[in-house]
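Chain IDs A, B, C, D and E follow the sequence of writing; residue 1 opens each chain.
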Amino acid sequence: MVTSLAWLIPLFPFLAFWLILFFGRRLPGQGATVAIGAMLASAVLALVVFFRVLGGAVPLRSTLDWLVLGAQPLALGIQVDALGAVMLLVVTVVGSAIFIYSVGYMHGDPRYPRFFAYLSLFAASMLLLVLADNFLFLYVGWELVGLCSYLLIGFWFERPAAARASMKAFITTRIGDVFFFAGILLLFFTLGTLRFDQTFAAVQSGRLGGGGLLAAALLLFGGAVGKSAQVPLHVWLPDAMEGPTPVSALIHAATMVAAGVYMVARLFLLFAQTPEHTALTVVAWVGGISAFMAATIAVVQDDIKRVMAYSTISQLGYMFLGLGVLGYAAGVFHLMTHAFFKALLFLAAGSVIHAMGTNDMKQMGGLARVMPSTYWTMLIGGLALAGIFPFAGFWSKDEILTEAWRHSPPLFYLGLVTSFVTAFYVMRMMFYTFLGERRWAPAHGVWGQGHEAVHPHESPRVMTGPLWFLACGAALLGFLGAPFLGNPFGRFLHAGEETAATFDLRIALVSTAVALAGIGAAAALYRWRWLSPAAVRRAFQPFSTWAERKYYFDDVYQWTVVRGTVWTSRVLRVFDVYVVDGLVNLIGVALVALTRLYRVFDLYVVDGVVNLIGWVAKALGGALRVVQTGRAENYLLVIAIGVILLILGGLVR
Amino acid sequence: MLSLMLFLPLAGGILLLFFRNPRAIRGIALGASLLSLYVAIVLLGRFNLRGGMQLVESAPWIPSVGISYTVGLDGLSLPLVLLTQLLSAVSIVYSWRVELRLKEYMFLLLLLQTAMLGVFVALDFFLFYIFWEVTLVPMYFLIGIWGGPRKEYAAIKFFLFTLVGSLAMLVGILLLYFNAQPRTLDVLSLIQQQPLAKDLRLATIAFWGFFLSFAIKVPMWPFHTWLPDAHVEAPTAGSVILAGILLKLGTYGFVRFSLPLFPQVFQQYAYVIAILALLGIIYGALVSMAQMDLKKLVAYSSVNHMGYVMLGVAAAAAAYGQPAKAQAATTALNGAVFEMVAHGVITGSLFLIVGVIYDYRAHTRGVNEFGGLGAILPVYTGITTIAMLASLGLPGLMGFVAEFLIFLGAFGVFPALAATGLLGIIITAAMFLWTIQRIFLGPPNPRWKGLLDVDTRELVALVPLVAAMVIFGLYPRPLLEIIDTAMAAVVAALR
Amino acid sequence: MPPLGDLWSLAPELWLAALGLILLGVDLLVGQGAKRAVGWVAVGGLLLALLPAGGLAASLPGGARRIFFDTYAVDGFALFFKVLALLATALVILASMDTFRAAAQRPEDASRFEGEFYALLVFTSLGLVLMAASADLILLALSIELVSLTSYVLAGYLKGNPRSNEAGLKYFLFGAAASAVMFYGFSLLYGLTGSTSLYVIAQKVAQVPHPALIVSLALMLAGFGFKISMVPFHQWTPDVYEGAPTPVAAFLSVGSKAAGFAVLLRVVAVAIAPSGLDVVTLVAVLSAASMFVGNLLALPQRNIKRMLAYSSISHAGFILMGVAAFGGPFGNSGLLIYLFAYMFFTLGAFFIAALIGGRLGSDEIPDYAGLSQRGPGLAFLMALFMLSLTGIPPTAGFFAKFYIFAAAIERSPALLWLVAAGVINSVISLYYYVGVIRAMYLLPPADPTPIRGPAALRAALWITGAATLLLGLYPQPLIVFARTASLLLP
Amino acid sequence: MTVGLNHYLAVSALLFGLGLYGILTRRNAVAILMGIELMLNAANINLVAFNRYVAPVALAGHVFALVIITLAACEAAVGLALVMAVYRNLETVHVDEINLLKW
Amino acid sequence: MGELAAFTILAAVTLLPAVVVVTSRNLVRAAMSLIPSFLGVTGLFVLLQAEFVAGIQILIYAGAIAVLILFVIMLTQGGTGTAVRQTNEQRVVGALAAAALTTALLALLLRTAWPLAAGALPRANVAAVGSAFLTTFVLAFEISSVVLLVSLVGALVIARREQ
């Protein structure tokens, strides 16, 4: 019964999508009400399912014959285990908050209903992905999530930047997807199943091991790298900020990027079975490097959303790092807490942008007084991100660092440095935005006298409400992983097993100290102004230039992959017109030249076998025509020669 | 019943010759087409999923030569018949506004419909060949009379290319005929007899005869050069039928004839054919990307998609005699046939979409001349986006299921080739998204301010196709179940 | 004295001879304005001749006979060609009536010898019938010359027209030379076997020394090749077809070609084949050469009659494929089926050319532009004939080609190359046949006035059109007829 | 040495060759016709000679020769009529000047 | 011996005028030369005991055909006279082709083992030919008459002027 209910969880938003798509403005609240209603209904169902799982029914399953192959139905379906239940809750709850917030944020947009339709589809796809008990559904959800991000990033497609960004996002992630797909194919080819449980069983029984398994795992991880924007496929994420802010929140918190982490977590058993955890080591290092690199780039961004974007890459890196060092629970825990505080940060940033009409932090300042709700909630989010006790981020990040320390000290140090940088850029952002002097001119009445003329205001309730709700989550959820409460989250995730991860006070202290140092450094530069940021920047040459140029990833891709493909395709087109088609002609022309046929034929004939026939045949015909002189004596001669030839031919045989 | 379905359109076509009133002509054309579609649906109702070849109707025709009129349906032909019916009806609806030589136009469309249906249901090689060739004639006229600026060139090129192949196939058919005991042109009994199994030299000749015919029709790389010309110059309905159905004749031939009749030879050359398919996949996608003409772009994407189909077929062929690979072969074949239907629906709708903007609105197909249409034509944008997404293989839409199955199966046989083929998926995605971006996104181009969105007639033509994409994309089982039994039988026969 | 029964078997021939005389007589009786009546009498008479032919057919299952001391065959094969010749002649006469009417408008083409024209056609038809049935070299020589002599006259019939003069003279010179060469070949064959009877020759030919036989064969082939427009004895064809009155060209392309093939088959495939010469390869090479030369030369043509002439050469190549494939159920009847089918669509195409030529005063293909609007029925029929000439189903041309390819493949895998040549040539031929369709359907008319033919011509056209389609869709009766006919070839 | 078949064949072949030379090199249509007549005569010599030496019992050769003589007469009549018709219109009987029809 | 002498003379009478026929620049002389050539052939026929054929040969060839040809040459004066070139441009090639074919004929025919049969021709030759025409070749006889009739009609149609 409950498992059948689980089908409804993605179905509600999916139906909402079609409803809104077709009936749009005629629906209550121009479709927003439908979308939110569906989302809340899903959230309620998710809760029901969650408690069911909590009650011990693990995992819940339900299958459906999606197609038949060789007269055998391919039974595919959904399952809910602890991981799934947690993710369902995160997606539906955070999603609901973002939906509600959007009502305010998107107010007055000409494609308002469309926006909610896409959001619903986005949520539905993500929920399908989470519920999948097999690679196919996982992949379907995975791709649909990508589609929705494409649609939503490019929602304001009139802006060329948005259109470009949406395409970049889709194609970059699709490159990852192809690896993912190849991984699926490899697994299906060797194991003959698409179901997770059967795959795990087969892997554990050793039917696929060693290099094959490693290859499969790495291919699958390739998908995660694309989806979760890890180095080197992270380039799409910052550009994706061209989408409306709620979209960014949804992408960064609950759906798109979380999918990659979720996938690795879901397939953790498979990754863990690779020889000497090689696959996990790769995961961890990719995560660690992404975390550090993205954090350093975030430091030099002036666009408030881009700061967030790089922060997301960085935090996702943390999650992978956690998973990679065998901190299964830690990674997933961070995924959950991050969902809350990052959604919060984005929505708050959206609130700021909504008020200011710009993304540029350098044109803000002193907003704390104007928009207190936003300020305070964002501060909570910021502290959670920085990993300050007792906010949610502290607990999850701490757990990851503890695991790292136990399994890979170099990664621990990398994480630690990153945590300093994280705290630094978060506070830099807060100082730029909310504190200090105003760097904007108050409005003088008529809007449009210049871009400085803005009138910042607190956002409406429909936007601040979700902010506060998420702030509560960001502040309190960490305690689910608190050691003194017995780490209930970890136990739940491990289905009651005793977990190895334990709290290490020394690490907690060190990381807190590092985070505080980061905050202090930020304050020193941007609040107390002991040092000029420019001077610091110079001091850190060439490091800072690298960070500003985003480690040149975009440039390299532009010059190699993008131009490479475009040029190849152009060259091939020319090739197609002139060579493949022309080759036959060439033979024709050569033949014409060879036989010295002097008739001139239409030069426009540049194409195809038709023209081979055209050229050669007409040329031959022209040449033969010369024999057809119209003079009887020639004809008679041909009779004689013909007879002679026939005699000769007959004799020779 | 099957014959009724088969000849209804032709009967309608002949009937409308006696009318002058354009409305009557259109009405008769659509009526005949829909009636035939209705009969097809009735037949679908009678179709037994496990029944193999069924609803067979047979009558002696030219007994002296062993030719009979035999038609029948199985899981391979039924989906293609339905596709034909659907696209033909859609084409007639779309062509409602054609005024130039309307009577001839509708007659040719209906004749074409009968011919295409005939190819799919014929179970006698002579009958098959007649229908196969008859498809060329109306198409020649459709391109030649109602086509674009280079219509004459495109029409004759199409005709010549495909005729080369057809005649090569005729030689193959005759080789089969004379080696059968007793001599017959009945497809089923020839498949059962395997007349050329004992003489591989002749079998090879016959195989390549068939191959040439089908490969030109598909078209496989490097026989594809007729396709862009024909597609671009054909009128919209012509392009729809050309891409949606006529290309399928080739792949249908591979599955229906080449695979069961010459399994050994096909296996021998499967790798070569798979490489050609792969070239088609990547080449088609890349060349399509560079096109500035929307129709050409869609045309080259067909080269890419038909490459997938051929990859699946080649994979199945390579699995001959290897029971261990039977599962992969079945999967690949299922995918290939599913892709035939999917490509028909998707590319058919894409050509309609191009027609909508070109025929009655902008009168240009230059990809770069548009921009920002998304704000001006929201419905049109939506439909186009769905179709293009389906074409690039987005899950939840029809194209994905097909590509998924093909790769799933092909990977079991040609891992390296299949993996390389995945590149095509990326390029196709990039190509279509870039196209969407250039046409629909960005600031609205003031030049197109006054364009009207899709009208009812066009919606009636497009919605069934889009619905099919979504429905079979989400739940492919009904369609796949029909296909699967037939494909399992083909593979079983290969062992 | 020969038994009287022999005369009964000769009833169609006798009736034709009588008909010719009757026509000459009727011509004297009717006035200058009503010469068409002679034509109608001729058509009626020819159809009447089908009756005794039918009676013969009924008596045939009793066995093929040789009458007049084995010089004349009364067999299915001969009967088949009788029917073919009678039908072709009747159709040509139907079409000629319009040609004379149209020619009367142009002073250089006007002729007051319309009645004699029909009589000569009937005599030619008699010649064709005799050719197909002659089993003796002497009779062959006579009947071939009967056809030739009348044909020379018919080709040059428009005496005021220099082109017709030229066609007649060229045809005569070429034909007379070819005949002289052929007669020399006949004389050698007689010397080698001591008999003029084909049956005796067939028995004795196995002992004949090959070099001399080759010489004889080569010399004879000049004569036969001339009749069937086979390369390298084809060169008169385009000039004569272009210059001759169009119905005459049609008649040459169908009637004398068919009879030529009948002779070729009787002499080469029946009488010479037992010698052990590799006749198959020889004929196959000639077949391929004819196909290629005919087709390649047809490509650049703009004059419809010249184009059809070259097409006629290439079709001779296709039919020769049937000669090469002789032997076996397909091979024996392939040639018959091809010729019979070919008759209808070739006649049809020429008739339309005659009609258009008469109306427009031009035989240039570009002048066919927009015919689909000026005469939809005509254009449709012409398109049908063109497709049939190419061999596109469901036309008679397709079935004929199918059958002849089948015959070649059945004969021997060694003939596959010839089939391949046939395939290539079919494709080449599409190009120029479709050129006509293109002009009619794809190009706009220069002058939109409708074109309609008179009733007689329309009847001829619809008969040929219907036959073209019917034989394509349901060739079974034709196959039965042709197979029975070929079985009875002794 | 007696006269044998080969003697006659040699004469016949030479006569044939002369006739052929005539039709190949003459430009006057009537002259070409004369060449053709020579070739026909060559055939007749063959026929009669073969009748004498190969098949003396029946007289097929003689009959054949007579038929060919008849045909030669007919050809001459028709051919010369055509030459006259051409001459009337074109005022030439030279075949290399009669080529309205070509290619 | 006498037979050989007769043969040689007749062969010369046949062939030498024939050379004139095909080479003379004067067409009247060429046509006139036809007559001795035809008479030579007649002589050969006699030598071969074909008296009836010989008779017809004189009547038709030497009598009718040669005269007819002369007649037409006179009528078409444009083509006669020594001033006009009588050979065409392909004289050399034509000569070569004729020579080649003649050589081939001589080489192959003279070397052939003909199936020579002993036995003599019927004595009463003329009557025998007549009876052959009325028995075995009766059909040929009948057709010959048709051919003659048709040629006559045809020649008349062509030769007569249109009004």
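Everything that follows uses one rule, which is that a residue touches a chain if its C-beta (ideal position, glycine included) is under 8 Å from a C-beta of that chain, and two chains touch if they have at least 3 such contacts.
This structure is a prediction, so every number in the text was calculated from the model and none was measured.
Participant: How many steps does it take, at the fewest, to get from chain B to chain D if each step moves to a chain that touches the one before?
Facilitator: When the steps are counted carefully, the minimum from chain B to chain D is 2.
Participant: How many hops, at fewest, get you from chain B to chain E via touching chains?
Facilitator: Each step joins two touching chains, and the minimum needed here is 2.
Participant: Of the other chains, whose C-alpha centre is the longest way from the centre of chain A?
Facilitator: Between chain A and the rest, the longest centre separation is with E.
Participant: Applying the contact rule given earlier, which two chains have the most C-beta pairs between them?
Facilitator: Top of the contact-pair ranking: D-E.
Participant: Look at all chain centres (mean of CA atoms) and spot the one farthest from the centre of chain B.
Facilitator: The chain lying farthest from chain B is E.
Participant: Find me the chain with the mean Cα position closest to the mean of all the protein Cα atoms on display.
Facilitator: Minimum centroid-to-centroid distance belongs to B.
Participant: Report the inter-centroid distance (CA atoms only) between chain A and chain E in whole Å.
Facilitator: 101
Participant: Distance-wise, how many Å sit between the C-alpha centres of chain A and chain B, to the nearest whole number?
Facilitator: 35
Participant: Taking each chain's centre as the mean position of its Cα atoms, how many Å separate chain C from chain E?
Facilitator: Those two chain centres are 31 Å apart.
Participant: For chain D and chain E, let me know how many angstrom lie between their CA-based centres, rounded off.
Facilitator: One centre to the other, that is 6 Å.
Participant: Using the touch definition from the top, which residues of chain B touch two or more other chains?
Facilitator: 156, 160, 164
Participant: Of all the residues in chain E, which ones touch at least 2 other chains?
Facilitator: Correct list: 88, 90, 93-94, 97-98, 101, 104-105, 108-109, 114-115, 117, 136-137, 140, 144, 147, 150-151, 154-155, 158, 161.
Participant: Check each residue of chain C and list the ones that touch at least two other chains.
Facilitator: 138, 142, 145, 149, 152-153, 156, 159-160, 168-170, 173, 177, 181, 188, 191, 194, 211, 214-215, 238-239, 427, 431
Participant: Strictly by the criterion at the top, what is the full list of touching chain pairs?
Facilitator: The complete list of chain pairs in contact reads A-B, A-C, A-D, A-E, B-C, C-D, C-E, D-E.
Participant: Enumerate the contact residues on chain B facing chain C in the complex.
Facilitator: It comes out as residues 61-65, 104, 126, 129-130, 133-134, 136-137, 140-141, 144-145, 151-152, 155-156, 159-160, 163-164, 167-168, 170-171, 174-175, 177-178, 202, 205.
Participant: Show me the residue ranges of chain A that touch chain E in the complex, using the header's touch definition.
Facilitator: My answer: residues 633-634, 637, 640-641, 643-644, 647.
Participant: Which of the residues in chain C come into contact with chain D in the complex?
Facilitator: 137-138, 141-142, 145, 149, 152-153, 156, 159-163, 165-170, 172-173, 176-177, 179-181, 183-184, 186-188, 190-191, 194-196, 238-240, 242-243, 306
Participant: Inside the complex, what are the residues of chain D that reach chain C?
Facilitator: 16, 19, 23, 29, 32-33, 36, 39-40, 42-44, 46-47, 49-50, 54-55, 58, 60-61, 63-64, 67-68, 71, 74-75, 78-79, 81-83, 85-86, 88-90, 95, 98-103
Participant: Note which residues of chain E are touching chain A in the complex, please.
Facilitator: Residue list for chain E touching chain A: 88, 90, 93-94, 97-98, 100-101, 104, 108.
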